[in-house]
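A, B and C label the chains in the order they appear, each numbered from 1.
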Amino acid sequence: MNPPSLKISIMPSKPAKLKVIWLQGITCNGNTHSFLNDLSLGSLLESVEFIHHPLLPCSKTLQELVKKLPKSDILIFEGAYKADFERAGMAMKELLMTLASRSKHIIAMGSCASFGGIFKEADSDHISGILFDKEKESGPLREIREKVITLSGCPAHPKWLSFVIDMICQGKTILVDEFRRPKELYGYLVHNGCLRNEYFEWKVDCDTFGTKEGCLFYDQGCQGPFTHGSCNKILWNDVSSKTRSGTPCVGCTEPSFPKRELFTTKTYMSIPAEMPLGIPKRSYLALAGAAKSFHIKRLEGKLIDDNA
Amino acid sequence: MITHELIERIEGEAVLDFKTDKSGAVQDAEIRFLHFRGMEAILEGRNALDALVIAPRVCGICGHSHLIAAARMIENAYIDAGFSLSITPKAHSIREITLSCELIQNHIKWLYLVMLHESGKLLGEEPSVALKALYASSKINQLCALFSGQWPHSSYALPGGVTCDPTHIEVMQALKILSEVERFIEDEVLGCSAEAFGNHMSNDSLLLLEGDFGKLLRQMDRLGLLDAGKSHGRFLVLGDNAESIANGVRSIADIALVSEDSSQTFAEGGNTYAKNALYNGDFYESGPLARALVSKREGISVMHQRHSDSALTRITARIDEILTLTAHVRQLLTTLDLSHPSFITPSAIESISGSGVGIVEAPRGSLIHRARIEKGRIASYSIITPTQWNLGNGTMTNPGTAQKAMIGAESTAKASLLFRTFDVCSVCTTH
Amino acid sequence: MARLTKEERKVSIMTKALELFSKEGFYQTTMPSIAEKIGMSVGNLYNYFTSKEMLAKDLILYIANILGEEIRKINESPLNTKEKIDAIVHMYFRIAQERPETIEYFLRVYLSNREVFQNCCEGMICVSAFVTELMIFFEEGVRSGDLRDQDFFSAFGLFMGYLGGMVFINGEKILPKPLESYESSISENIYYALKTR
């Protein structure tokens, strides 16, 4: 028979669930609904519990939350920041700053929270992300920047969030880039894993939308080759992505989102204004010129030919 | 007595200012929305095609409806400018499939995250996370994404068609997902087959249903709310089969009779950001109940005769619509002709100067996008959302649709629950 | 005299072959005539170039690199767009005067005998060094707002077709005045044709 103390030590005690607050700024709720698409939500809720969430059952309503702003392990912020924007009668400045100071980790969920996003366009001088204002690190949480993890994207993918939460739960270090985005998620480009890569390699463009063939970078405005994100690695809704469904990447994970003229490639004298990330223009043009010189029959025809 | 209630769990919040009598019964309810983002101003000045990226961000739960509305609006602007533009039956069907998916997931979330949750709380229960419902809504969103690339916030519908070029692989996967969702509806939501559900509607025996929908009805019954929530009995559908019903008279709905009233907004000295949407100068109810009555769906029509526009009828209409939509999606998937082009390239947007209207029957009702396009740029943009129809803020003598449904409720808490039967969306209402 | 490396030897063969090709044309020039001109055996020549076509291809790469290198220097200089056009025109005419065989080869061999190059020089592969630099010149000109945005080839044809044509008629001894005396008016014409309005 084992002594009781040993028995206790081999029975792993269930760790306490992390306490999470999901707070919203100026938002469309897209990240909330993106999050609800997580098919492993049940597993995630084994390790976290929501003190407040805008839609899921939680221990405090927003109204109760603002009465006594509690401590938390993770504060998830969705939406853009504006100091005097109110939730339940409390200005965002007080609400965010207090909750953030009482939280161990802060996640900027989505591009509005990260950089200001689309809603910043309405009042650019006063609306920003919580840590960044577009590229500039001038948001309200700059003094506690080390606590912030940025999950840009419009919306952010539910698995990106659950990855960060899992890493926090397990006490692991998350490597981040200059915008404090996890490198393991944003080290990739949307271009990586795109099913149209071969068309990009051989410079076969797409003369129209609505086909499986051709690369969308040359005419249709695809920003995949210079947009950070693992959209074509961790698929959307587990099955697809914008480029896989023929839609050009709109660059939604970048501080520059939303740019303008999103369905046309900006060119100067037929040359794409923006190069694939990190590729010198001279190298790109030399290679593109060479690749374009070959006519590869397979890439000029339909992928799936009903006469075959 | 005047009390203010913050209504949460509605895609943002609303404030209800209740005027109650001594017993606590609601005499009047003012509906106020305090958040505004200025979507129309963000759209103005941009290339018209940018609306296909910006407009979905009006709303996280019904952004796909905004996408389709924007696409239709631009298509109609082409036609207004004298250009021909058509989409293939395939592109049309795919848009119908993805749009229907959005409605289905919305209705499932409303049933579980809002109605079961809030009615349960009112009865002193502590509802748990409805994981099975979220699994089902995720699956239907997955079906949508097979064509739209992602949900939420796809931009796959463009003037001229859709960007995807699906194969039978996607269609077969979609059918499999659909079967799973249909099973969820029958086993969990209804607790019976679709046919048996139809019989329960005809026999007025829905309270006997064993599924979660039956549970909701029983909870509403315990709260004495099934027969409450009656409003003007005026209904409006502006999308497919456009028709209005007022005083039992049906007429073809005419977009020209739509107007917006901003007299209650902050801009004009009022207390809300929301503008009222009016049809022929009156408040009309839009959404699943209106759609069921306009399209003369049997079960709901019978229920309406018996119970008029009560909470019971309104709630059942939304659940019944799930079945109509899943059947519709199944029919579209099985008849989809993949040999059609997905997209027919229209003239360059820069050559378009014209006005367009795009109307969509969104989860909560008729959604209208209108814009004036000058040489491919958005000169002006105007959005009327479904919730502007239902949640209009009227006066004591002429209350809005949801206001009227709340007046007379025994308590403000019960009135708030009746408010939610309209499926409230804060972000859409003010946008 | 130090012994030449194989690469240096190749360049010296190419320089001689270039003269022959540009004077006699592709078909009139043969491997034996090249060998003779250099003073080496035909067998030894084949050690450097496996065929006349391969030699012809290496020559066009060689010329494109020379021109590309020159334009690259101009692209990387602090000149403005107008001055860069002046510099490119000047450079092109200078090479046409100082090393006429290079431009002649380009016009009379490469562009006139496409069948020779089709298997080894598809599209613009062999002239990529030169075309890439012109792309960069045009792209930067448009980006800076100096040049009008248009299709690359319509601009390329205007610029290079013009210069090639002038060198060609100069070679035919049709021009009444020396080539360089046309430089400033030609530069101006090109600039006015391409600049933003």
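The rule is short, and it goes like this: contacts are C-beta pairs under 8 Å (C-beta built on N, C-alpha and C of every residue); 3 or more make two chains touch, one makes a residue touch a chain.
All values derive from a computational prediction rather than experimental measurement.
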item: Greatest separation from subunit C - chain, by CA centre; value: B
item: Chain occupying the most central position, where position means C-alpha average; value: A
item: Of A-B and A-C, whichever chain pair has more C-beta contact pairs; value: A-B
item: Euclidean distance of C-alpha centroids - subunit B vs subunit C, Å; value: 66
item: Separation of subunit A from subunit B, taking each centre as the mean of its C-alpha atoms, in whole Å; value: 27
item: Between subunit C and subunit A, distance of the C-alpha-averaged centres to the nearest whole Å; value: 49
item: Interfacial residue positions of subunit C with respect to subunit A in the complex; value: 72, 122-125, 128-129, 131-133, 135-136, 138-143, 147, 149-153, 155
item: Subunit A residues within the subunit C interface of the complex; value: 267-271, 273, 281-282, 285-286, 289-290, 292-295
item: Partner subunit B, residues of subunit A touching it in the complex; value: 24, 26-34, 36-39, 41-42, 45, 54-57, 61-63, 85-88, 118-119, 121-123, 154-155, 208-212, 236-247, 250, 252, 258, 260-264, 304, 306
item: Interface residues, subunit B side, partner subunit A - complex; value: 6, 8-9, 11-13, 34-35, 37-39, 41-42, 46-47, 49-50, 52-54, 57-61, 63, 91, 109, 113, 117, 126-129, 131, 134-135, 137-138, 141-142, 144-156, 158, 160-165, 167, 173, 339, 341-343, 345, 427
